[in-house]
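The data blocks that follow each hold one structure.
Two complexes follow with chain A in common, the first pairing it with chain B and the second with chain C.
On to the complex of A and B.
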């Protein structure tokens, strides 16, 4: 089956950014090739190329960001519009880095969605100056400087100081209250398509093909990465909604197109409107699978701390892996979406609320496998 | 309360830049109140019209004839309602049809026969809405008698497109419809729920028993209750992304509908939502300060005072009279109640025996001579 074939092909992805050799981590070779990487792309573990998702927390959870050449699927919740937050950050990050963006949405005017894209938070000046200082030093001291500044960046993979200001630009924090500047949106790199009136997906498929071929057309100069964002691909009001198999073959062809190119595709879809078997097929086609869950009001207040600030839950089902047979095992797969200071999106792990002092009983959950109402936790 | 929420939301309409609120009213066969959902529909219709003068309704009638609806309402409201008659002749069987001129209030009723052609349908609704708007009603609500009937004539994506277009249109301030869940696949029902902002469903109070095991005769008599009461579940999608769930009881008496709030049923907390929850071991700033203020049960606090640690043997009054001693809260069960939370944290230390010298248990290597 085509999905089986897709699985086998996964370890060897011929996208132009990634390198198969493992000697990429020695400072000499990485510095020579790091200048050839376009902005917004970073080489991570196993020589795979990543682009940022626009949310620094999500990049960290997924082990570096979205893999170039992968298809990310987000399962929407019918009750809450939080998938739009993910899409917005993803698209803004691409525009800020000057990457080409293709957006398809189920509305009559998809261009109006661009008006809601957030603009990046301005970096503080102090950190910027330290970067210049580190640049001036020569290579041998470069490693030592890197160690000193490690505490400003927390955990990260081995990146030398030469890449440090690139690291800061790799993923920016976005201020959701400020819209992105107009001139950035009007550049030729941003295309919008409406999927509402389409009776089949052939038009969208052609658009994606031309978009991806435009990416690789610039020879010699490093072609930039591209981002494809499709909102609510199986929205019920689209004309092709009843054609389940057509939608599946579209995704399959999109996957094949993106795999051999420098693009990342993010598709959101409301899984509840699809029948069970078709929904499972969609989920299998994803390289990275996330899902959004809405929070019922006041229901879980006893169980979790910081409940009032939470917008929703983000659940990570699958994480794409390249050049490695070792699967990604996460500490926790469910995170809460919060707005920090009402402007930037953060993902936090869920924390259990403190136990009631007098009663000594907490309403603890006992994992997804148990169906009982909760076990008593006795201290 | 649920009813109030619905009516208020439908009456208020949408904020600028938002789509209009849409209520999806679902009914199902197990509740033998398939007609009761229609009663709820009628009830909503009348309450919308009766609250305030600004609201007007365009009613698309599939299930009952328009005159039935007109007879429900008092004549004062006949001006604020326009009916789209899809009941009399949906398939255009009557030859050379033209709007029948009955003697009573024909002007609110518009006959529609070409139901296959949805754009025409949409434009007729909008035409009626504009009509009402011209009369001075600034809020127009569209009510569709039954979307199930619409789905007979047109495919699902086009019906949904129609509803979405109605929601986007600036003349329409809110929208509600009725759907029979048993007549459609679950996919169809979830698509309608997807595009609506409020979902109300009627369920029976007493469920049908499992015929294999249960004592049938006893439970069948309790099924009688279903004829007068039903459970009304409401799911509201809020603007901030939260979902509000309400469950109330519905009583049908003499053709009128009453909502009453049910005694709080313990809501099942969604266990499967939180597979792995950790404890937050980071301290907030306030907690850090409180920690610094805790008096530790050492013999010397470093401020020159001698500390007596209660070891359970001395009487209460003696230790109270000793002014130089600082009590370390070991008498809590006598002095304070358990629930008394003082500002500082407390550490209760009870010594093992009287023979030990103070500080002797601190450092066992003290007797080493190095």
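On to the complex of A and C.
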């Protein structure tokens, strides 16, 4: 980061305009004086409504979660399927909150993907807080080197139980080892569509339109948010794969549909199978753009701490901004994806290891660790 | 006006363009939409001006709220007839009966009609501006047909010389710079009189400086200017209600 003063959350403005919005979640449009928000929706700065991404760390990084009415695009890594972790948590979060979910995948039986969705961690309140404290205490024993402290500051400060209550409701911790209960998956709110043999995207487009219109058909107070999750939209096995402009047209219409609705769309796509210029067009259409990279090479082991536990990197390219022209500048835009205790997904800031005096490996040579895709890690 | 003293205004010749084509370029890392918002505000602040805004990217409410924070009321301007807002979020030039060409024809005719109507009103609009946000979405609407988009743009730029109105276009440059044959970009650069390019800093992200702006003003050599300067490069920081422009290292 070039200059200091970066903030974790977007600043709240003292006098913000009330949101006379297209989605029904703003306080101004609810009929009762008390805001009766459906579960899983939170109002943030400027009257913007958020739903959780299913990963508490990601919600915090993005300043609240996924903006309702936005399109999130995730650039997949050609070598590793970690984008599925994001999709699974996203869908599970929606199901747990009773939100409608529409899933489209490039397989013959997309329904089977639902069997891999994680279940939320169920723990007693007191137990969870005690757990965190004992964690920190454990780490206080033994040999510690000063630069390791950075990991523990800020990220794990004790949150008072009141905030924790609210947090638990909005975004759940998922246990990736336990699958989601069958009965939750069989509700009529979860739809699955296959994109494998589709020769064009008109069927998927119609499904999305009806999905979104169903969301607004319920009366104002009970209307819920909806989630559209599309896996590998431009996968080579899809029938429409060659039709670049049809795909762009679909994304554009999806964006217009979602913008004026209570839905959030998450689209993952393997950017490497698209030409550079078409890939840029896709990236420009996203409101929030993330990319997943697998760990590129062993050289990084010398440069980063905790390298062995990392699954990959998550890079935040763009963050959706609601009714504002100010870009969202994050403290750090690359995070490491880790499985904590082999069950829950966490995102951590990258920590550089200190320079080894003998071998003379310095930070300056971090240029060599840039992946073949040509972008440097942003610490 | 006090606002027209900043670096961007200086680069554009201390006045809003008349009968010119302005091309705003940006990339994924740094969005150039704020330049469009600023120019929209400045155009509407003139005494008698008329703006046709072709919005393919965001709905009216988005621009309304952003401009309101900057001190310009788009809804009022729309009511007064100073702003003709075309919300074309799902505009598709190709439809069942028409070809792409016809779709663009209709769009061009609509723009031309409203420009001519503004010129012929009793209270004659002295400055007319056509703003397009953005070109890459026009290409998607045209199903990738570059020729049709180029035709449309050529017609619009001829309109600027015929009726003395200006054309301000937002374009995502990085889409074309990665292509082998950036034809559309080359045409746009040739057509334009002023190019404004927003790019990220070479050093990466920063909270105080959001990027750098390069302005190439080709028209200045024709005027009687002593400096004859054509290229400006400075940095910017985007705020809710304004944009700060400054040379590197001289931010207050």
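The rule we apply is simple: the second predicted complex is superposed on the first by the 277 of 379 C-alpha atoms of A that agree within 3 Å, B and C clash if a C-alpha of one lies under 4 Å from a C-alpha of the other, contacts with A are read in each partner's own complex, and residues count from 1 in each chain.
Going forward, a contact is a pair of C-beta atoms (placed from the backbone, for glycine too) under 8 Å apart; a residue touches a chain by one contact, two chains touch by 3 or more.
Because the structure is a prediction, the values reported are computed rather than measured.
Look at A:205: by the touch rule set out above, it reaches neither chain B nor chain C. In the superposed pair of complexes, A:116 makes contact with neither chain B nor chain C.
Once the two complexes are laid over each other on the shared chain, residue contacts for A:325 go to chain C alone; chain B is not touched.
Between chain B and chain C, B touches the greater number of residues of chain A. In the superposition on chain A, A:333 contacts both chain B and chain C. In the superposition on chain A, A:259 makes contact with chain C only, not with chain B.
When the shared chain is aligned, chain C comes close enough to touch A:245, but chain B does not.
Once chain A of one complex is fitted onto chain A of the other, the partner contacts of A:216 are absent, as it touches neither chain B nor chain C. Note: residues 275, 333 of chain A belong to the chain B contact set and to the chain C contact set alike, using the contact criterion stated above.
Interface of chain B with chain A (complex): residues 155-158, 160-161, 163-164, 168, 185-187, 190-191, 193-195, 235, 237-238, 240-245, 267-280, 338-339, 341. Listing the residues of chain A that touch chain C in their complex gives 1-7, 13, 17, 20-22, 244-245, 248-249, 252-253, 256, 259-260, 275-277, 280-281, 283-284, 289, 317-318, 323-327, 329-330, 333, 378.
Chain C makes touch with chain A in their complex at residues 28-31, 33-34, 37, 58-59, 61-62, 65-66, 68-69, 89-90, 92, 136-137, 140, 143-144, 172, 174-176, 178-179, 201, 203-210, 238-240. Chain A makes touch with chain B in their complex at residues 78-82, 108, 196, 235-242, 270, 272-275, 293-297, 299-300, 302-305, 311-313, 332-334, 349-352, 357-358, 363-368, 370-371, 373-374.
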